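As written, the chains take the letters A, B and C, and residue 1 is the first residue of each chain.
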């Protein structure tokens, strides 16, 4: 009962919830229909696979971002962090190839390095935010710049590339799969399903929502607010590492422009999906829908000559706003 | 008698399928203070919000000076001079007092804000209210009573015809109440129509002209105050005769449950010591700001502290809420809206929040949660239209019961309860008093912090009084009376250290 | 181009002896974009290496290098250079033409030597020296190659960079070369000089068009992305990919006779070395160095690829 709202109550709380649930799904369905109408290849196996697989990186990161935002935080560093972790992973693998040859253990160590680097990066963000007590926006804005510079420095301003033979060995992790479903898609689905379960059915998920909703209440309810907050950033870091494991085999390279604006896409996907930017409520399945909406817009624009390429950004922006308007309509009428 | 300026005729209100007001008639006349009383959930808030233009009526009509009227929003109502002062203040915390008083109606000179004029006018209004607050001070730094005064100053700054006050004295000290009553009298003399709600029936009796009692959304009685006694008001609210409000006191046993020695919180509490026994209800009195809440929070691990706390013989580490809870000590906050409950979440999420690890190992066992909620609803007589509604939409009394259920969920042995009945109706109060003494009789040890003297006297077998961060005295048995508590609370005298220990 | 570069280096070398003893100490400021993509990275690489080298040759001169992420920062960098370092000469690669024209003009008006690199200013005649690659020639060379080698009615797609003057000039050159050749441009869109964007864009084009004979990517980074998408779709034999700028990996592919990547077009980042060297010579008054110095794009073919392969360059 916030008294600040002077608007009239329609007295029907049920409607709000419905629209929140249906909003993003409606937007997704609308996009699918538009895509089908504009290009017959839209629903082809190859195109659907492409769209889902390319959604996987941002999707996996966005699942982690959902937890951070639900707990009232924010992480702007994920795009740069991904680039840095990718660069580090490539450097380590190239180095090991010299001594160990083009072998599976090199890939496994590379994967371990990526996951560990993501984890450490998450811990650094989390510690600075929870223990040192700096605003999440400032901390991650800072680390965003730091990682972006580090990758530029590691790559000497150019591109870090995996050795050709190693790339061939590692390649199937992005391009391969089982039963016609490629690995990135499988990874994305697994992360999303686990994320949804953790968010809705575990104490951790509930604690995230409680902290985002009212940190003081959470503290008075004997929840270790700092630990849970820290855990959200660590989880996100780990998922960034995991996304990189899927990303590196795609082009086998990392440069200063890797992961550019991923943080904003991930945050946009989370918000489109119905998670509140101020925290307190999050849903992972919504984030997945949000990621797909963003990917589909790009895909449809590439498949058609519908609008001038100069206006791609405008279309994306409009769809993002529309998707959020759809679900918030009920809420503002409350 | 003057004609009604604002009235409700057969007004009903439904939220979804649930009708919460059934054909209420209510009149406000210029120069009259009309009390609206009832238990929490009786429909007072809804009635006030309809009058203030915050919500629509589902049926019936609202009349302004005899003619039917509809308010599109609270702004339209305010334009006619109808102002509502909310229980939760409607102030911009980061702005100054003067900026708040003139928020949205700033005085301008040309296109620029006339800060000087606004500050001067604010100072005038505050002086009228005998409120010593600097007009340029930030609202976030003000005490609760001072914020209330700012709200009133804000109302006074308008062309006021109807003033709706939702439990204005719930957060005020006695002295501030007196100032408020004088202001209300002054407004009445100026011909303002005033709607006044309070759970303190003595206040109603004292300052109001007419009283209307709501029960379960219907009007059950409306009479001039002179024709109705406090007991009759209470009976009309509850729908039955109230037997003695306070149950018999439990007798403390010998076993010491909690020992606090030389506890200090820098700047707030100096070396406080106390002992609490099994089966005892220990009251802590004192003025707002004396350090009572801080003491309880420090014991419960919510604040860093010095000194030693022993719970059932074992030392309790400082600053660890969870450990305290696991060892059997919990604290129930006075501030249920900002520290007690997640207002945007449902009943279930709130109930189990502190104890989620006991509901399932990895995944939360939702069935167990629902069962716990069923039990809480039954045990604490919580009335909620829907189980998954945001608890912010529950009445104050039901929120408090839910908070009690949540706090007691871990089955604690030592319970610190801060303002157990703030802002709740007399029927619920009685339920809570019965619950507290029942807990004590069952062998729990309880500390009750309260600003209401009768509550301390009626519940506690022993009372400690705090003043300026120190425990200045203890009262026991027949010595527990209002005069003695007030003298200690004002810092006028101190009893021996033994009494305090 | 390479020849010119060698020539100027030789020139500098020849002048070192007599100059070093008597020259006044000059401060030379160098302001270039930060290494946010491969080409800019190589630019930084060459700038740093050249300054190192010149410092040894001219110990009495001071060099100030500033890299900048955007136009606004570049303007403040320039102000700092003038105010706190008192530069006598400025070598600048403007982030954008319009916003930097004013600030650079003020510096030039104060008598400072100004060398503008690659991106021309909005007003002509400000700079003392202009050293640039030829964007029109960059696009035209690729387009001409298509016109020469592809059949009439062949279908091509074109990947542009980030919307900018540079990009427009390249595309105009490309389109002009194709004009009248009977080659059809199926689609043209921005790949933003980014591998990932190019990969995605190429994937979608492959879904959309059953027949593509050639891909023009206005930068080698984008060509790498496009090649990966083509490989994934299993359509490697169907089309050729022509990039630009002379990235190491691409030159290597040409050298080894890759049929998908038959040629590449140069746009040498080492032009910054040329610019700095010419400025040093010019500012010390050793030789007249004003005017324009345009480095045309060349076609890298399997025959000449060895000349364009720099083992230790990051690009």
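List of remarks:
One rule holds in what follows: a contact is a pair of C-beta atoms (placed from the backbone, for glycine too) under 8 Å apart; a residue touches a chain by one contact, two chains touch by 3 or more.
Everything numeric in this text was worked out from a predicted model, so none of it was measured.
Between subunit B and subunit C, the least number of touch steps comes to 2. Taking each chain's centre as the mean of its CA atoms, B is the chain most distant from subunit A.
Our note on geometry: subunit B versus subunit C, Cα centroid distance of 71 Å, whole angstroms.
Subunit A and subunit B have CA centres that are 44 Å apart. Computed from the mean C-alpha positions, the centre of subunit A lies at a distance of 34 Å from the centre of subunit C. Contact residues of subunit A toward subunit B in the complex are 1, 3-4, 6-9, 11-14, 197, 201-203, 206-207, 209-210, 213-214, 216-224, 280-281. Partner subunit A is touched in their complex by these residues of subunit B: 13-16, 54-56, 58, 72-75, 86, 88, 90, 302, 321-322, 324-325, 331, 333, 338-345, 349, 353-354, 356-357, 362-364, 366, 389, 392-393, 406. Contacts from subunit A toward subunit C in the complex involve residues 39, 41, 44, 46-47, 50, 54, 152, 155-159, 161, 175, 250-251, 253, 255-258, 260, 298-299, 302-303, 305, 309-310, 312. Put simply, subunit C touches subunit A in their complex at residues 34-38, 40-45, 160, 163, 187-190, 193-196, 199-201, 203-208, 221, 224-225, 228, 232-233, 249, 313-315.
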